[in-house]
């Protein structure tokens, strides 16, 4: 195989001017290289590491909750004493603390872990390589996005130490509860303003990069599917996030300046009438929140689909089946995701017409997902399937996303949602899409691109162990949630439903699910070990260890990979997945290699 | 390393990077202010006891004229650069800064007068909307001034090294500035006149 | 077909529940068919096209178009579910056909962390309420001075209802958003402060004898009003109790309440009777403790 | 992109000055109309119509949207559609509620 990029230096680009680009060709200082780096690869890694830490942190918050759900009101073992007297006197979690954990688990997982991983890390690192760009279009802005994200994360973390603790009104922060909540909510809102700003800068950068910096010959229909998924995702981030930014500002006004945007007249809390002007609308908050948050859930899944598509094409050694329908479906999905949001609000008293509208759009939006999933499934047909670790995670993604997606259908039909809304059924639905869905895709991506990050492969043995244990345990955590949900167990219950009689027949599942969650935690140890061990000791590999066709594998592999990525910008001659071309010796024909 | 299309437009899109970037940014700004306008309409139509305060139309009209004028000066600054007239450019951009400053000063007096009449965001939802929208708009003005300040100060060096790119920067900053003007054009009647 | 989900779901004692459950079951059948079908295909493909068995991949892959038919099939079934079931079912949830000329109306006012139930009494007219009258003894702000209020009954966390009547619950909230959830009635509705939302349903089965309080809290056989929406600290125990009774026993209960109201004292006795009527443990789960927590919620 | 020759630029300048004058006039017109005591509906319509004209002038000439690239139009069309969704769907939801 050829590691030499095609020599067509800077075709189509002109570099007329000398300029005093700081540190351009000189040895960069440590700070410029590792901290305030403008290299998209370093920024991608910064995003990745930070977000993995948040993922672990979010998981740990959840483990505390799962302990409480399994054994309500009993002392948290091992770490109970460290949780602080205000939160867990004597190691027993208080309701107030449980609510903080829940709100922060949701917020951290969504905004600080998964989105930064899927978009910040993979998007940043892989995307410019896949389109043959020397960097992102605006490297300094890229650096800024990361640091703004970082500050947002710190604000969220620090909020645990405020009087009254972190935000405790759910990740949805429904008003008026959130408006009258403790100071943690203010920190949450400020944190969100930072996180949203970061996403905006990042997505704008990403779109410009994709449109402007594609290598010669890289037409839109030759883009790897991963790039398409990031492209659509970026538009969702760009246009759906600002309304929540506005809403956060308005909620801040309500909390700090005493306005009443989300406060209706005549509230009477804890035996006292509140002093305020009134006339606001609690449902306005919900509209603005879900206007963001529904597109947001596709932000969580689209990059995952992109990663999975790359890996499936590579490991079936054949082109993706239905690349074009997949691309069109993704665009359509992105577009539709702006007009389904109120399916989260069926129970707020919706009339017939509006609910019919949102039910219809919700059913319509399920079709492109079906098309994408079907295309991926059919892509397997006729392949020569290699079951390496990235492929295992990618394959598992399909039925797991299937379960999550399919359980979205009854929720999308308002009459069926009457019974299921705000029960564990919803929790089960979306965790199937984000945990064994997106997290698995992210694991797959880490195993797959690790050689690009480090020049070494991760251990396959440990990887497979990680996969099988995770697969079993994660289903153990989430499958019983559907049963509990059907039984009518509400979500966000401090005691997991203990005091409700209709919950009694399904209560025993709580222990089972929590045990599976602890098992899931243990199952991550091989991964963490593998991750660090392989950086130093993993098998050394060449630039293109998987025999891949996309041009991220055409540049020499990191660490030598310098700022600028390619010695010469490659020229692209064909579509992204020319695997097993008829009549060729090699079973893959990279995009940048000339010839038939 | 050099990022392509910082100066010259990419042939197939006809755009240089920052131009596309700023329009995307403005698109997100449309959604930001859109959400506020949406809230304003929803709260106002949904509340039978809505109370619209009388605001100072004269000051707001003056401010509107300031902003419109500053939009002209900023395009003139850009034109001056294209004619290679750096001195004129500086003059026009300083003028823009001055007009923006004047806008904020007037706004300051407006706010003080409102506080004196005991009108705060907590008074009613009209005042809350008013302060939030004009406040956010004011922050955008301030942001614009910071950008112009940079382009007149340390950023001006680029005129020597990469004049094309510098001219582009001015165009892009101008686009942002016109947008801020445009938002005001809608804020003015919705808050002061209706 | 319904038994498929009914195994896990609470029993359904309402008139509108059966079609909802049926629809829910139908969707789940669709899901199951898709999942099992694709699942079998998936496993087969993984086995048949493993690299060791199929060392050379086919460039074209699948040639048939059967997937388009499946996609079209899914779309058609979804359209049928939507147009044939979901939209009409929602329309009748929003405004059900009533057979009662006069539905039985009751107000439910949610608050952190209890359900206040306000009956109009035998005269069928709600006494006026006002925010300024709200207090820790007058939970719905009822103006007892008004004649229409004289026979009004206010209960905390207790909601007896007559069977086979069209019932309208006018739902509202005093503080934050709560979720009014009657699992056996297939009723769920957010209680949004500032709005009064009518929730209409009809119970077709009375609560079984062992489900009637007092004492149901220990035996776990009662029917509960659950709070579905996160509303603060004690959201998890914002529990009420409702019973569906024959019209006779409901009337008898209402008479008892009227007798207790006789001294014609405002508010106070009505509350006291609630406490007395509710079994100790049930009351403990509702009113009294909630007040303690309410202070902490700010 | 606009040309660089001095003639073209001075033509451009004339356009800008004209637009500026129109904006100024329209501002005064809005204020004048507002003092006319129209019915609420008419007042809102007139004020927003004038604002839209002014906005279009700024967008078309100062921001040279007239003669901008297709790509930018596409982005703005998409944004405008979502903007309308954001304004009108919540209103529609508020209008169509259970129990009227």
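When the chains are written out, they are named A, B, C and D in that same order, and each has its own residue count from 1.
By our rule, a contact is a pair of C-beta atoms (placed from the backbone, for glycine too) under 8 Å apart; a residue touches a chain by one contact, two chains touch by 3 or more.
Bear in mind that the values here come from a model prediction, so they are computed numbers and not experimental data.
Asker: Which chains make contact with subunit A and with subunit B at once?
Answerer: D
Asker: Would you mind checking which chain's mean C-alpha position lies nearest the centre of all protein C-alpha atoms?
Answerer: A
Asker: Counting only Cα atoms for the centres, state how far subunit B is from subunit C in Å.
Answerer: Their C-alpha centroids are separated by 50 Å.
Asker: Using mean CA coordinates as chain centres, what's the gap between subunit A and subunit C in Å?
Answerer: Going by mean C-alpha positions, subunit A sits 34 Å from subunit C.
Asker: Could you give the separation in Å between the centres of subunit A and subunit D, each centre being the mean of its C-alpha atoms?
Answerer: It comes to 37 Å between the two C-alpha centres.
Asker: Show the residues in subunit B shared as contacts by 2 or more other chains, in ascending order.
Answerer: Only 13, 15, 20, 24, 27, 31, 34-35, 38, 42, 46 qualify.
Asker: Provide the list of subunit A residues touching at least two other chains, using ranges where the numbers run on.
Answerer: Those would be 211, 239, 243, 265, 281, 283-284, 287, 291, 349-352.
Asker: Going by the touch rule set out above, which residues of subunit C reach two or more other chains?
Answerer: Counting only residues that touch two or more other chains, subunit C contributes 94, 195, 197.
Asker: State which pairs of chains touch, listing all of them.
Answerer: A-B, A-C, A-D, B-D, C-D
Asker: Considering only the defined contacts, which subunit B positions touch subunit A in the complex?
Answerer: Listed in rising order, the residues are 1-5, 7-8, 10-11, 13, 15-18, 20-21, 24-25, 27-29, 31-36, 38-39, 42-43, 46-47, 49-50, 120-125, 127-129, 131-132, 136, 161-162.
Asker: Which positions of subunit C touch subunit A when the two form their complex?
Answerer: Touch list, subunit C to subunit A: 5, 8-10, 19-21, 23-24, 27-28, 30-31, 34-35, 38-39, 41-42, 45-46, 49-51, 54-62, 67, 70-71, 74-75, 78-79, 81-82, 85-87, 89-91, 93-95, 111-112, 131-132, 134-136, 174-177, 179, 181, 183-184, 186-190, 192-195, 197, 216-217, 220-224, 226-237, 239, 285, 291, 294-298.
Asker: Please output the residues of subunit C touching subunit D within their complex, sorted ascending.
Answerer: That would be residues 94, 195-198 of subunit C.
Asker: Within the complex, which stretch of subunit A touches subunit B?
Answerer: For subunit A paired with subunit B, touching residues are 10, 12-21, 24, 134-135, 137-139, 200, 203-205, 207-208, 211-213, 238-243, 245-247, 249-250, 253, 257-261, 265, 276-277, 279-281, 284, 287-288, 291, 563-564.
Asker: For the complex, which residues does subunit D have touching subunit C?
Answerer: Interface residues on subunit D, with respect to subunit C: 97-99.
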